[in-house]
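Some structures are shown below for you to check.
The same subunit A turns up in both complexes below, where it pairs with subunit B and then with subunit C.
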Partner chain A sequence: MSRRTRLAVVPARRIMIGRALALCAVAVVLAIVLVLLGLPLGMVCGLVLKSTFGTVFGLENLALYMTPLLMTGAAVWLALRAGLWNIGAEGQFLAGATAAAAVGLFAPLPAPVALPVAMLASLVAGGAWSAVPAAGRAWLGVSEIITTLLLNFIATYLVYYLVTGPWADHVTDAQVSSQRMMLALPSVYSVVHWGGPVALALVVALGALLKRSRFGYELSLCGSNPDSARYAGIRVAPRLFTALVASGALAGLGGMMEVLGTVHRLQGGLAHGYGYLGIVVALLARQSAYALIPAAFLMAVILNTGIVLQTLQVSASSVLAITGLLVFAVAVSDELAAYVRLETKS
Partner chain B sequence: MTAFLPLVLHALAYGSILALAAQGEVIAERAGVINLGVEGLMALGAVMAVLAADASLSPWLGCLAALITGSAGALVLGLATVNGSANQTLCGVALTFLGLGLSAVLGHAVAGLPVSAIFGSWSVPGLSRLPGIGPVFIQSPFVYLAFIILPITCHCLLFRTRLGLSLRAVGENPAAADAVGIPVRRYRLWAVVTGGALAGLAGADMTLSVMPVWSEGMIAGRGWIAVALVIFCGYRPVFAAASALLFGLVMSLSFFGQAQGWPIAPAVLNMTPYLGTIMFMILPALVLPGMRRLMAAPAALGIPYFREER
Partner chain C sequence: MSEYLHDANAVQGARPESLPAGTPPLLSLSGIAKYFPGVIANKDVSIDFYPGEIHALLGENGAGKSTLMNVVTGLYQADEGELILDGYGVTFDGPEAAIRAGIGMVHQHFKLVSRFTVAENLALGWSETRRWLSAAALAERAQAEAKRFGLDIRPDAPIDSLTSGEQQRVEILRVLSRGARLLILDEPTAVLSPLEVGELYAALRRFRDGGGAVILISHKLDEIMALADKVTVLRHGRVAGSHRVDKTDPATLVTEMIGRPVEQKTAYPRSAPRGRADVVLALEDVSFRDSAGRLRLHPLSLDVRAGEIFGIAGVTGNGQSELADILAGLSIPLSGKVHVAGTAMQGRGPGEFRKAGIGYVPEDRLHKALAPALGVTENAVMRVFRTHPVGGRMAYHAAAARDFTRSLLDQARVTVADPSTPMRGLSGGNQQRLVLARERMISHLALIASYPSRGLDIGAISLMREALAEIRDEGRAVVLVSEDLDELMALSDRIAVLCAGRLMTIVDRSGFDRATLGALMSGRDAGGGA
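And then the complex of A and B:
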């Protein structure tokens, strides 16, 4: 006789095997869809590989995609450690970008002064953008999922309003865009800017903070079992608030890197879904902050794949569909990995 | 009065979208499953309604396609979260991504084109000829469904039948429900599928009646607002319809304001539904903490049921 039982703690190896299978399943579904759309599979695969890894341009693109993904991923991950779902990284990203753009456009400061100011402004703006949902969740128990998400739409409208109204570009005829800013993050290599290394350092620091500090321990405790945290004398609400505001600040900083490092203008489609993809990055990373790095890399590859598909006349939103499929497959495989066959002696 | 008539008509039309989706979500959440994929299901329903209506030249078949799409999407979610006990938040968000992305891909060819077959208005005999308020009684079938038929049906189903009692028991205390012989997973699965069907229908309401054209991003967070409404209305179908009307009013304010040339930037007016939703989620909790017990979520909402852990 054998029957299945569910493990309370799942070994990482089982999770990884499950996820590898999930990834394969997504790839198979994708291949079937491509065939149904009438695209030659081999050609598409070759094109994706070549344009992602085979060219300098592709590699630069990967680095540029990874930077915001690391930041929004870290943001969602931090909130998740406290048991909170920050679905609003997109809005916080835009808020941070807007604040940084305000500094870049209107503050007549030399770059060494202006960059830290812009950084600070984006941190504050991102944090402020998540403060209301954070307070609502921490003290009133209002679902942060919905409030953070709805603020994304407000941020989108805000940016749209600014770049078509008061901050619109009147010099060149760029639509839905501000002027090109002089203020920029210094570059590491050609178009790749210092945002990437900073993001990497931040992720590592975040991992150390959560693992080694008292704050990190208390935060994880609040996330995994708020009741026992309360019993241990930890005041849960302020910690939840801090976690979500810090999460917003991280996403905001990501926005600053994007606007001052990559795009150099405040634009309508600036956030590019990075906030939502951050959820996927955080999900793939699970408990480890360091795992955010390979997760962000995988998402960057998927984003690049989307660009290739777009050149083949598939809608740009196919990336969103692939992402959804991936999250779904991973969520299911993570659960199924918890089931083991129990051998019972008859 | 006549000046505000367009506002009311708008509110009814836009409110019906929210009402359909929100009441579907009430059913799912009463059974203990939170479906965060409403936004994606609405998008899929909307685009499938357009495709089917264009192909068959019948809005009814468009409607049917949306219903089937919504149910199928929700079935996938239900199988994953109810039978597979996967994380409901994650799967819901994934379904939203998938729905939004897939609908954009599917609707690529018809984006921006007028839908060839849409629902006309049905008038209530007698009432529609009333002076002044007559036009209120000339509405698309979705409005009658969302504000009259569905609230009554859902309310009676949930609170007046044994089926509804079992459904609520599954959402409040699945172990107890299981003990008296109610098939917990089957109830939950069907509740999610019903909710998904209504979300798909809400999408059809958009493209076959309210704004008869498919464009990417046209759902614009309405699915999320519907999910928020469910909390706001305390998981009651009649209140859900009423608060949907309220939010329909908030949404139409932005159109109305722009049409009337109010001295408010259009962007700000566009933000009002979202700001309003956030306000309505936070204010009741802030001002009326005593209400929280009355409006509380089903006790087992979002928690998968394992018989072994009983």
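And then the complex of A and C:
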């Protein structure tokens, strides 16, 4: 009979294989559902592939999706390095977007000045939005999971208030939206703005910085075992505070890229769940910052697939269902990858 | 086959004289082998366990004792050989099957629900626990079982209010009440006070005299000599010898256990006369309250001098860990002052203590002094990452860290193929060696070592003790916290005895005496002395 034992140390190759299988399982489940819905599988696959990778529009869309996902993913990932769950990237994203929109709407500055100002404002706003949960967690031990999550709702309704009240668009009478801003991130190609390359560079820089800085080492020690970090002579609370505030700032910057690069208006629903999807991206990336890039890419493909499915009259919630399925499958496969069969005969 | 004629093996099948001829062993292992990928955990293991006999299993870490017991309790299946219970071959396809067959194990770490009461914990294992429970009925039943086996318990007390000795009694009672005829105990005295050890011995003898069989896994030779009837020594997963205890002696057992004679020294004379004896660590009326508000240390004063080994004796949990934490700057005392080399350390953290040259091997190394999920490298540099060459301004030099780790691993005599593997992948003994080597390196003034021999085997223990004596000879101080009086008496220049958070006394080397120290450890005054 075969017995299994759990490895204390799981080789990366086993994880990779497990995840590839998990991805296949998700695809199979998805295929079954599509067949049950009466859709011709071949046609749907072709359509998804063609409209995602085969058209300029699809590729642009991928790039535009990837940018905020990279930022919120990096935000959640950074907090996770310190052992913290930043569930509030959504709120911090909106806070950053709002701050950037305030600059875009009300500061009569030339773009070369206004853009750095908006960037700074979004970093500060995102950081400030996470500062209270960060302080509570670092010095009082209040669970950051709850506090960051609750602040999301405050941010969401604050944006709704602004765009239906004081900042509402009275020019074109667009609903739940501010005016279109003139201030915009410069474009790389067509609608693809410079936010994407900047986000990529930031992710790479973040990975390198944490690997080579004393702060990065201290942070991973705090996240891995706060007791031993104290023993090593590290003051844990300030590190946790810094990490969570920096995490909020990254998400805030993502909000600025979205509002000034892609949407050009402050809107209700601007965050589009990017904050929560950032958690998925960070989970997929595990220990490596560089892995955020393929993870964000995969999420962007799923979001794009969702749009294609919508054109085929499949519910918009399909994106959430696929994402949930993916997280579930990956969690299971990561766990199963730790188990090996014991050799019973030599 | 010549080995078969060896008298050690000839004893193996011997039936205790008290049993009538023809009585089969309660459990017989015949040619058991167990393999793991790349490792032979057990091979050709044949042992007979008779009713009415306490049978000790002796062996170093990794000698295959745990694996063998996992086979006996149904957690693993043997790859070769068979288990013979009451004369019939059996296979246990899981722990439940072994329990049904009357084999029960008391683990080193108790498997009790700490928020439940004693009676509730006992009910967990009971097959006839009813669907609807009344607390009174459970307590009554617990009391009845306790009486049956002569183990004194308080059924209504929650587990977390009990001492470890009382918890162990509950654990034993639970195993016995499930009908165990063969009781396996893993290092049962590690957590007990001398008084509780006596009670445990009495309970085990009672069980044996009632016809039960006991397997006692132990490192402690004196314990085996005092309690066991028979002893089997395992080495490299094989039986190295099997003896009646009254026909053997500790030296033979040690030789069999590690393959060569090792003399555990009783004294470590200085290589050079003791130099200056400046006070390096001083406590002044220091007391400590834990987070639950209990006073763990009553105000005490002591000083530790350069070039001495300062022993701290006491039964586990009487304030030694708290004292060690304070000496290393990890805990802040409730009152009083800590001085390091004459400097008051008020408001300074473990980082400043480390900078002052205090190394610390805490009791719970894995969770306090290591980050199990991080790599060996990250753990190796934990105390030096700020300084050149690993640190420097704001940087962390990964390559320098790897070089440092390699040299530390050499010093610690630990072989790790890939230093980026997580720390928890290393064996307990290797984790311990690494922490010891790391702390030795930074302890310019003093090394505080809590239970440094825990988790090490006899060979490694004697190396560790030599290392502590070397540190002393180099003019540094060592604070040695231990529960092993022999170890303390062999190494220490002075011994402080703690009981219930009080400093009973500090004894000089000339006044060392087992009986006196033992009495002080259990709270009795030395009788008019000091």
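Note that in this section the second predicted complex is superposed on the first by the 341 of 346 C-alpha atoms of A that agree within 3 Å, B and C clash if a C-alpha of one lies under 4 Å from a C-alpha of the other, contacts with A are read in each partner's own complex, and residues count from 1 in each chain.
In this section, contacts are C-beta pairs under 8 Å (C-beta built on N, C-alpha and C of every residue); 3 or more make two chains touch, one makes a residue touch a chain.
Small disclaimer: the values here were computed from a predicted structure and weren't measured.
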First, second, both or neither for A:Asn225, with subunit B first and subunit C second: second
Touched partner set for A:Pro294, first subunit B, second subunit C, both or neither: neither
Partner chain in contact with A:Pro40 - subunit B first, subunit C second, else both or neither: neither
Partner chain in contact with A:Leu283 - subunit B first, subunit C second, else both or neither: first
Partner chain in contact with A:Ile234 - subunit B first, subunit C second, else both or neither: second
Partner, of subunit C and subunit B, that touches more residues belonging to subunit A: B
Contacts of A:Thr323 with subunit B and subunit C, given as first, second, both or neither: first
Partner chain(s) touched by A:Pro186 [first = subunit B, second = subunit C, both, neither]: neither
Partner subunit B, residues of subunit A touching it in the complex: 5-6, 85, 87, 132-133, 136, 140-143, 145-147, 149-154, 157-158, 160-161, 165, 276, 279, 283, 314-328, 330-332, 334-336
Interfacial residue positions of subunit C with respect to subunit A in the complex: 35-37, 40, 76-77, 79, 93, 328, 330, 349-352, 354-355, 360, 362, 367-374, 378, 381-383, 385-386, 391, 394-398, 421-422, 424-425
Touching residues (chain side subunit B, partner subunit A) in the complex: 36, 40, 76, 80, 84-87, 89-91, 93-102, 104-105, 108, 216, 220-221, 224-225, 227-228, 231, 265, 267-268, 270-271, 274-275, 277-278, 281-282, 285-286, 292, 306, 308
Subunit A - residues contacting subunit C, complex: 1, 3, 8-9, 211-218, 220-221, 224-225, 227-235, 340, 342-346
